[in-house]
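The following blocks contain the structures, represented as structure tokens.
Note that subunit A is present in both complexes that follow, paired respectively with subunit B and with subunit C.
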Partner chain A sequence: MRKKPDKAVKKQLAHIRRVGWVTILPQLIYQGIFGWFPILVAFIIAFQTFRIIGPSTFTGWDNFKIVFSDPLLPVVFKNTIYYTILSLALTFVVPIIVAILLLEMRKSMIRVMMLLWFIPISGMAGIIIWKMWYNVNYGLFNQILSALGLPTLRWLNEPHLVILCLVLPGLILFAPGLIYIASLQGIPQELYESAELEGCGFWGKIWYVTLPRMRPIIAMMLLLSVISKMQVFNEPMVMTGGGPGYASRSVVMQIYFRAFQSLKFGEGTALSVIFFFILMALIYIQRKYFKEDIDK
Partner chain B sequence: MSKNKFWYRLMTAMVTLSLTIAIGGVAIAKEKVVLKICGDPGAETATAAELVEAGRYGSLINPWVNAVWNYNHPDAKVKVVFSGRLKHQRDNLLTHLASGNAPAIYQLSPFPSLHDAIELGVIADITKWINNPELKAKYFDHMSPIMRDYWKNEMWLGDHCYGMVKEVNPFGVFYRKDWLKEAGIFNAQGVGAPPDHWTLKDFREIAKKITDSKKERWGLILRGEIPKEGSLIKRFGVEEVIPDKSGKYTWRAGFTLPTMVDFMSFTHDMIFKDKSILTGTEYGWGECWHGFFDQHRGGMILECLPAGIANFAVEDRKYFSPLHFTDAACYAPLPVGRGGLRPLESYGQKHIVNPLLTDAEKKAAVEYLLYDLVGKGQIFRKMSGYLSSEARFPFNAHAFDGLPDAPWMKSLGYNVTPDYIHEWNLISEEKAMPSASRYGLYVKNFIAVRDALEAAYRMILSTANINVEEELAKAASIANTKLNYKDKEITPEKLKDYYTVVGEYYKETAPDFYKNTFQPLLEKYYKVW
Partner chain C sequence: MLIPEVGRKKFHVRLVIGIITGFLWLGIILHLIPFWWMITTSFKPYYEVFSTSFLPPRHPTLVAYKLIFSIPATARDVSLVYPLWVYLKNSAIYTGTIMFFQIVGTALVAYSLSKLQSPRWSRLLFLFFIGTMLIPGQISLIPRYLIISHFPFPTKHIPNIPFTNIAFPHHNFLNSYWAVILPMLFSPFYVLLFKGFFDGIPNELINAARLDGSSEMGIFRRIILPLSKPVFAVVSYFSFSAIWNEFMWPLIVLQNQKLYPISVQLYMIQRVLSHRGMTTTGTTDPDVLRFLEAGTGYNGLMALAIIESIPVFIMFIIFREQLMKGIKLRGFK
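On to the complex of A and B.
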């Protein structure tokens, strides 16, 4: 029979709980004001014709009807999904490989390599530099192609190439590798020794020991990457403005254009509400079907 | 008299006296107005001494104008609440508006269009004060025709006025005199210049002649977007929206008309056949102007002729090319378009009034706007070398006659060559086309229509093998989804009035275009009455 905790223990537990609440209260307030409250207001604005001056008017589902009847809706979703898949395929795996290979090096080299691979690079500065490299007339890439006697490409001006051009700058961002390295360092050595005894070589150890042990962190990073890539805005906005045509316009850009360029806040917010539910559905699917607890 | 009675009577007398003074004071006090306004960068933070020391004479103008206004109008003072240009002003303004702390006067540019601003409720109808006979006599006689036409076109919706305009600058082609001369293109004076009244064909030929791939030179630097003002689109007689002949809706996209196809094909051919244009979907105003033209990559660029070019205030220089201050470059009018089309195109700042002001505040705001943009404020600007309305063109050599000496003008250098005067005189022959809004016509969702056209334009200027008509048809079908409405305010009679005036304009200024293009299009597409 379970023993009831005595008064002193109860008091201590209550105190711990109080301290916990007090500690997280500032963050809760901050998150409430700047995180949850705007989301709640967005749900309200999505059903209004929002005016900057004067009262807004309730319009029911009108904004959603306008959003769903917009011929650009499938275009921007297609662009966003294509960008996300391509980005994950090219840039998600590389930091994992880099992290695994790095830890195979000598200890003295690891520090040097970590410095070289994980130097912080400003995202926006990088985007602007890549935009210059893509320049059709003066860009580095076309200069290289010309020097090799190859035909130049129109890069950001080529509708079939533009999404790839937006993805490539992400290839050099290895910062997630630091998280993988931390995870790798937590794998017990005994597991590798057991694997060696079982006759596993280098690749066998990676397949049967390293990757399964890294699975929780990979799952988390995949989830964060999907959410982040689906919300792509900086690269297309700075590099192409969504062009040529609509070839690189993303969902978030469309929200921005409707809300802040056309000042149709209700329509922009309605699209953002739809997008919110889509992302929530993706998160739910991922959490449900991508089992993280490898010991169960 | 007992002591208590004395004090009681004294207290009563004092209270009565105080009440009398208070009520009387309220009765005779005038309503005082304080107008919150936006200023140019730096004006609200630096002292006059700091601005003069830094050579920022441009920033002195507004504080000066405001100080004189406040001195002469103590009951309607102005106060700068925030400053900034372009994007910063837009973000600032929207925040101020949303928080209920908007200035009394601000610019229209943050909003998609005049009609959108009316729908959003952010603009006051100032017709009743503009039509005040006293103000008319005091200010409107001084307005230059350029300014008046631009004001009527941009700030009036039918008979209603919604604001005033400032710094109205006509568009032209800024070109390299030295490159043209090298290519053997010069005028009768031996100066590198395009021919007077040059045509689109001349423009295309000159662009090809001055293009030199070995020297990495292009004939024309072109933005990767169609600006509302100052592109070649109006030279082709394009109508972006046209009435709906079926009567089901009010408007349809005019993208598939021969005039639009002609404009797009012309641009596409210059890029891909002649290879004389440096452009890209990613190139905005900054990249084209300062990134390429200033770096000597382009021989021509479409740009507005700054009316304030005589103002050499340091902070304004960054908006101009360094070539402005040399003898290497000059402006020419935009080339004559199809059938002789030469509509004067201008760009100006549009100032509007907060609709939440009281009547007294609105009256004061309108008078301040007129004072600043048309009246004495302009005299101060002239004195600092910043010309706008009094002189029709900034290079009028007599514009400074009778004004006090401004010592800093000589020290900063004043470079107006005869070529500028000559080109300006050519531009003075142009006449602005009447806008649809002057006749009470507007297009809801116009920005979405524009967005679709821009998308097609970017595809066309970035893709060598493209079917221009198909691309425009695709864009039209997207734009038309935004035009699926019937607006009862836009009647066939209003449309008739507008197209009649437009027809008269074309008949007077471009008879060939009127006969061969406008009339057939009118019968086939525009006529719904």
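On to the complex of A and C.
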């Protein structure tokens, strides 16, 4: 293809590039305004007093000092980290196992099972159903417990239990993950056959062939779920409102309350900048210790 | 295949397969329980809601649905002023508009990066479009709110146009449809999906069409679009359910209830019905009492939840074939 380009080809290429720029121009401007600009702005507002009335002024590290002296800060961080760890421990592996096992079924069975498994429930509906099940007086779980003659629990009203209660819906409200299934289907059959010749059994094949092959996808999904779990908002907001007391208030909820309920935009942004650096540190650590390529 | 094809008749192999099948069906059943619960509960009269649990309703009734649709007539609570269809209409407006722009915008970006730009620019622009995906969204929450509240300036203080005393034109979008729509018009994730697919379409196809004298947009319309139906279906489905379920952003930027999408309104109603009414026994709240007398509470909530879930479910039915095919998409490396 690297022949000397004559004039007509050159002209056509220039035209193609021009069309290429025209088609992305609006999105380019949009991504500038709503994608990158807010991130830049956050680092400015974090250093300002942002009042509703009157101009904002720069105040140095004041906002950060206020955030750090807030007695709620360790609480919300503890809640968020606890939620993330618990939720990863309980719910991250299940879709992977399901995806691996699902592909062992007969072709027709895979179809039926996947259709059933992908039936979606809207996010809010799922959360509300679980909230109803947790109800102390009438909820399903306490009904089951008392039917079995066990002492009933206070579920969402119990500070020690509330975070676990927020995590549990993830155990059944998931889909096996198109991404895992796609990556599993990309594994060449010959690998399994040669593993078999070398005497690998069921577990051996999972350990030596499947998991190493899925590693990049698992690493990526782990990264994405750590980041999204750390920013949890909907579940605690709807199920508990952050309670009892502050036992289930997450960091993003704290940012929300600071900024949009107390109207302290400067302090809220300072907190979200701090949180930003923590999350970026997590991303960095993960990228460093989970090298992505396996075919070395 | 973890289990070799040949030995599948042996007893212990069949046992393993049986256990796996059982495990998977258990998962599916657990997954479907909330649906069963939601549907049966919504058809129960209030006195059966907690007494029959999992059983189907003994006296099926539509009272919950009737009450939900007659909300403004039966309730005095401030969060129940407007009839339900207002929120469904709002959700439809938000979802339709945002979906359209997201799909068209990201498909064009992905096509341009994949087929039209020079390799060097393509890499740079890719980072520009995808980069925000890797940055935790919470950081731009407050700045976006401020930008929306005096668009396009994130400050209270609007600078003057140089050499005049006139402030730059700006607009407060808060409490309007635009407050929800504007910040969501583009989503980097779909660029990733589209680009992965377009990269797999051979360049020869496009070059041949160019030789035939097709315009660039003509090629996109006549050659790329028909080929990319699966990826468009997957993106449409993802985009639809993401916007329909969006809760946090509308909650932040909308104070006027008339503009709430159904997801936020569901949150508001469940606060009225469950938080005040059912967690404390012996409530005296007149609205809750009226709801309970009329035979609704959690059954009404479940009726609402079903109404909210139906559009997502319809989308699933429409796109299911393409979603199943979409498994073979090369969206991710």
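Please note the rule applied: the second predicted complex is superposed on the first by the 264 of 296 C-alpha atoms of A that agree within 3 Å, B and C clash if a C-alpha of one lies under 4 Å from a C-alpha of the other, contacts with A are read in each partner's own complex, and residues count from 1 in each chain.
Everything that follows uses one rule, which is that contacts are C-beta pairs under 8 Å (C-beta built on N, C-alpha and C of every residue); 3 or more make two chains touch, one makes a residue touch a chain.
Here the structure is a predicted model, which is why all the values come from computation and not from measurement.
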| item | value |
| --- | --- |
| Which of subunit B and subunit C A:256 touches, first, second, both or neither | second |
| Contacts of A:234 with subunit B and subunit C, given as first, second, both or neither | second |
| Partner chain in contact with A:136 - subunit B first, subunit C second, else both or neither | both |
| Of subunit B and subunit C, the chain that contacts the larger number of subunit A residues | C |
| Contacts of A:158 with subunit B and subunit C, given as first, second, both or neither | first |
| Touching partner for A:243 - first (subunit B), second (subunit C), both, neither | first |
| Contacts of A:36 with subunit B and subunit C, given as first, second, both or neither | second |
| Which of subunit B and subunit C A:178 touches, first, second, both or neither | second |
| Partner chain in contact with A:217 - subunit B first, subunit C second, else both or neither | second |
| Touching both subunit C and subunit B, counted on subunit A across the two superposed complexes | 51-52, 54, 131, 135-137, 241 |
| Interface residues, subunit A side, partner subunit C - complex | 12, 15-17, 19-21, 23-24, 26-28, 30-31, 33-39, 41-42, 45, 50-52, 54-56, 94, 98, 100-105, 109, 111, 113-126, 128-132, 135-138, 140, 143, 171-174, 178-179, 181-183, 185, 189, 192, 196, 202, 205-206, 210, 216-217, 220, 227, 230-231, 233-234, 237-238, 241, 251-252, 255-256, 259-260, 265, 268-269, 272-273, 275-276, 279-280, 283 |
| For the subunit A and subunit B complex, residues of the former touching the latter | 51-54, 69-72, 131, 135-137, 154, 156-159, 239-247, 257, 261-263 |
| Of subunit C, residues touching subunit A in the complex | 1-4, 16-17, 20-21, 23-25, 27-28, 30-35, 37-38, 49-50, 53, 105-106, 108-109, 111-113, 115-118, 125, 128-129, 131-132, 134-147, 152, 154-157, 182-183, 185-186, 188, 210, 216-217, 234, 241, 244-245, 247-248, 252, 263, 266-267, 270, 274-275, 278-279, 281, 298, 301-302, 305-306, 308-309, 312-313, 316, 320, 323-324, 326-333 |
| Residue ranges of subunit B in contact with subunit A within the complex | 94, 97-98, 102, 111-112, 116, 120-122, 216, 224-225, 278, 280-282, 284, 355-356, 445, 447-448, 451, 454-456, 458-459, 462-463, 471, 477-478, 481 |
